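Take this structure first; my questions come after.
Letters are used for the chains, namely A, B, C and D, taken in the order the chains are written, and counting of residues starts over at 1 for each.
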Amino acid sequence: MTDYKIKKIAVLTSGGDAPGMNAAIRAVVRTSNYFGLECYGIREGFNGLIDGNITKMGPRSVSNIINLGGTILRSARSEDFRTEEGRKKAFEQCQSNGIDALVCIGGDGTFTGAKIFNEEFGIQTIGVPGTIDNDIFGTDTTIGYDTALNTAMDAIDKIRDTATSHNRIFFVEVMGRDAGFIALNSGIATGAVDILIPEQKDSMEELFDTFDKAAKRGKNSSVVVVAEGEKLGNVYDLSEQTKKKYPNYDIRIAVLGHIQRGGSPSCADRVLASRLGYGAVTGLMEGRNNVMAGMRSNKLVFTPIEEAIKKHNTINKDLLKISEILAL
Amino acid sequence: MTDYKIKKIAVLTSGGDAPGMNAAIRAVVRTSNYFGLECYGIREGFNGLIDGNITKMGPRSVSNIINLGGTILRSARSEDFRTEEGRKKAFEQCQSNGIDALVCIGGDGTFTGAKIFNEEFGIQTIGVPGTIDNDIFGTDTTIGYDTALNTAMDAIDKIRDTATSHNRIFFVEVMGRDAGFIALNSGIATGAVDILIPEQKDSMEELFDTFDKAAKRGKNSSVVVVAEGEKLGNVYDLSEQTKKKYPNYDIRIAVLGHIQRGGSPSCADRVLASRLGYGAVTGLMEGRNNVMAGMRSNKLVFTPIEEAIKKHNTINKDLLKISEILAL
Amino acid sequence: MTDYKIKKIAVLTSGGDAPGMNAAIRAVVRTSNYFGLECYGIREGFNGLIDGNITKMGPRSVSNIINLGGTILRSARSEDFRTEEGRKKAFEQCQSNGIDALVCIGGDGTFTGAKIFNEEFGIQTIGVPGTIDNDIFGTDTTIGYDTALNTAMDAIDKIRDTATSHNRIFFVEVMGRDAGFIALNSGIATGAVDILIPEQKDSMEELFDTFDKAAKRGKNSSVVVVAEGEKLGNVYDLSEQTKKKYPNYDIRIAVLGHIQRGGSPSCADRVLASRLGYGAVTGLMEGRNNVMAGMRSNKLVFTPIEEAIKKHNTINKDLLKISEILAL
Amino acid sequence: MTDYKIKKIAVLTSGGDAPGMNAAIRAVVRTSNYFGLECYGIREGFNGLIDGNITKMGPRSVSNIINLGGTILRSARSEDFRTEEGRKKAFEQCQSNGIDALVCIGGDGTFTGAKIFNEEFGIQTIGVPGTIDNDIFGTDTTIGYDTALNTAMDAIDKIRDTATSHNRIFFVEVMGRDAGFIALNSGIATGAVDILIPEQKDSMEELFDTFDKAAKRGKNSSVVVVAEGEKLGNVYDLSEQTKKKYPNYDIRIAVLGHIQRGGSPSCADRVLASRLGYGAVTGLMEGRNNVMAGMRSNKLVFTPIEEAIKKHNTINKDLLKISEILAL
């Protein structure tokens, strides 16, 4: 093994938790250990970095966590880290603990914090995309996204059982903040009659038109999947307006909520997290800095963290078309 | 095979759908067929009986449905069946189709309808308890209850992942109408810090006391499971009052909703439904009338339908005590 | 709180592991703690008692384990505990650690060891039935059984997908040692065309007769569920003989194996384990000795451990009849 | 809509069934219908084409199947289609039914048959990769592969529960024929101590070395995942040789078998199948022939069917390295 510049890596999870974060932590810890680097776990995101809530981790600290949802390091959104004073304390903790490099697992909020910290204090930093929303540029998918898709799909499958049994219409809200990835894919996977996502301009007229077409074809029950960031309205608004138009419809609402953040990660997410955790450590060893490790076309790639935050993966418009054709 | 008085049995599902209803339909159809009786399926509950939405069913009509959620016969709540005129039409349908006996799968609303119809027109009738709420007397558990428990538990397990990762408090609403069975059992199974059910008088003071005790013991995250019929307030009220008392708490809400009605039935529900469907047909053949088929202490029993509606299984108070002790 | 005679309880898991053992351990530890008793965990069954592999456990030692399969205390079959010398060492460990009472979670092998140890050395002992096989007298179900049923059912559901798609016959072996409970219930739940269990005399002629009847009714694919203790032969024997008789049949074998022992426990198993763990500690506090805590008709009951070992729950013969009727 | 040359499309599934085939059938039928083409379903693969087991399918024929495992069209391996005579009959069926174009869903066996048939009789043909093995060139993943990965992973997770509880070594055989994709990915996802795949030369010495290293690091239990095509030996051979070397090891075997072919498809598989089914029909409409529809880097691509059969996706060697590093 060559003489790496960095000796001590610390890893943290920040922002909303996502299934597979533990698999990523495990990969960071074990890869560090394999290459003879010390590895530290920072608890509760950047707050733990500020407060020195830091512990040494060995290969056995991460035994039997690859299959667990959530994050053993806990996560938090840190107000203090938004202040220069907070970040200064964080830097002092890095110095007093001898930490050379940081692996920050999270979404764009996490990356923004990491970037500023890196630019201010020069601690070598790498990002790992961990969020169910899939709204990060520089990676085909983010850690947790595939699991969230399957969780949403399973829930909608169950709702469809009752929708079909009762000739009901369900408006189902799924997560994804400003991104429609979860809505679009879980909607296609469950044969939703319509899918409303922020990336596309929708109107009540088009929605009603879809209901009319479905009724004409003998479809008595329907599921409409709605992204939480949908601009036409939330599931309550949509339901109310639909009720006005179709007073006889039996309409129900389901907000899937936080179940989408939890659960044992899927195989794809565990493998992705393992590869990105490994890639983050080897990237740091190669001297990479202020970048994010991602996976594109099945290859490890590094993207400047600024791009990862600012650019966005675009929704595949073909998918929207396909969803319309197949739902009928 | 002896000469049974009845020749033609019809089966319907009514009220809220429950996982295992299909397994019960399958058992009614195949048992009828085995004993040389004709079997008819009535679609959309009592509405289908009124409208003559009735089809003959053979053993192959119910192939590959034992594992499906929902009900292939569909279900509905019937306003018309509440009128004498509606029931008269239903009786005429029975006569014109030659239907001697009815198997009504559902909850207490279904049974009330069945009882009145039986008393008015004399069609031999038997009830099968199919509801996730477990609020029917005369059977240890109702069809769908065990599946709903597991669905609620899986969802709360996922929520707990994120609660633990973020030091959050979650108020989780589960189904069960006026009964706390789902809340109590899913709460114990997920280590909920508190469980609020309508069968017990609760107060905000006691809830706050529980939070304080949990905090003292180093528990940073908590899940409170709340039955939908809870009298202290719904999850929104409870959350608001808790927020007032503990402004620093990060509190979230989850309403599990209709996912609890769907999904592939558990093994226990499929076996229960199979036994009760079989028991309903053999009960009819033995001349039983205006009763419900139930399973108590692993034995088939018949309870006058009036009792099934009026009496209630009581919540096991020991369980409440145990839940408090084990959550700490 | 009154002055109990016992001060220190120790808990162990022994024999084959079963889902829900962790929930039982959690209940023992937290109930002990609640009543002011000290609680110790013995690792790797009776071996750990002999070797002094014993640690104190507090309420936080059992956090976040209620949903985990396996046993955090690990399990083992102990050869040494079968010797007087081994048991003597175990007793010395009890004395030196001040252990007054033992909770032994396991099956009949575990209980046999516990009984002999109790009779030889007088340490107050209580058994908790933890085995997927459900072959213990004195409780309606054992911890792990319900989960194993659901695991077996899910696996057979998947196998049925491929059986149906290919017009195949599958012989599926499920666990249960000399007991047919898992086979019978998972077989009914999956619509198996035949179910072979040791409690019933089977013959190849009857099996072939079943295949012929199924073929006559247009059933092209079949699943036969076979208990591992079946006396007519194992799945390989049965397959071979069937192939001889029906050379054109496309026959496959599946041995479900150890997946049936693992997995997150079902709601029923977690609640059962919680109640029995609680019951074991309160039973010890009431002075009960050499008994097993069980749940019958939803009530906590204690059965002399000798009876629990020697007597057996009998298979419900009605179920066998029902399985035949419904499979057609 | 333009005037397409083709008027009638027929679809079949052939070879081993895979989860998601139904979603692909649904997409073919609904896309055809959307573009005004007639669509026919051929039952039991090429056998059904030979025997004229063909039915017209409309949008409602494929309702509620997107979530079902297996294939509603059934599948078979056809001996007759390997003969010129059989293929001639198949062509006559196409002619008499007016079928212009074929969508063949399956693996390389299916594609080989389709290619020969196309070259002999000129019926326009397109392949859709449906196999859990992921051994088809021209697509990043095949339909069913992601579901099989998750099924294998869930099963190994359960086995690991019992392995950990008992300090056992398990050799687990997973499917994949000559390809190690399932083994490699499910092995990484479950933290397998070693993964044996046909694409890599393995030796017992290296395996023993892995065991020794694991023991040195305090790992008491291990899961070794073995691809069914592994050349070093099958799980029985490997177990036997390991037992000889380490007589004290408690070694068990699990052959996951056909559960890997069944089950409700994952979200990724349902979306992939929907896109490829859509792509197959639009490909035919564009005049594509003797090609396979695949998805590479999230884009629909067409590959000459000959290449799809002959070339192979190579195992990512990085993954093997990562699996070694992370398992320690």
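In the analysis below, a contact is a pair of C-beta atoms (placed from the backbone, for glycine too) under 8 Å apart; a residue touches a chain by one contact, two chains touch by 3 or more.
Everything numeric in this text was worked out from a predicted model, so none of it was measured.
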Of the pairs given as A-D, B-C or A-B, which one copies C-D, with over half of its contacts the same by residue number? A-B
Per the centroid of Cα atoms for each chain, what is the distance between chain B and chain D, given in Å? 39
Provide the C-alpha centroid distance between chain A and chain D, rounded to the nearest whole angstrom. 28
What whole-number Å value describes the gap between the mean CA coordinates of chain A and chain B? 35
For chain C, residues contacting two or more additional chains: 157, 164
What pattern do the touching chains form: line, ring, star, complete or other? ring
Would you mind giving me the full set of chain pairs in touch? A-B, A-D, B-C, C-D
Residue numbers on chain D that touch chain C, as the complex places them: 13, 16-17, 19, 44, 68-71, 74-76, 151, 155, 157-162, 164-167, 170, 252-263
In the complex formed with chain D, which residues of chain A make contact? 26-27, 30-31, 33-34, 59-60, 64, 66-67, 140, 146, 149-150, 152-153, 157, 164, 185-186, 188-191, 217-218, 264, 266-268, 270-271, 274-275, 278, 296-298, 300, 316, 318-319, 322, 325-326, 328
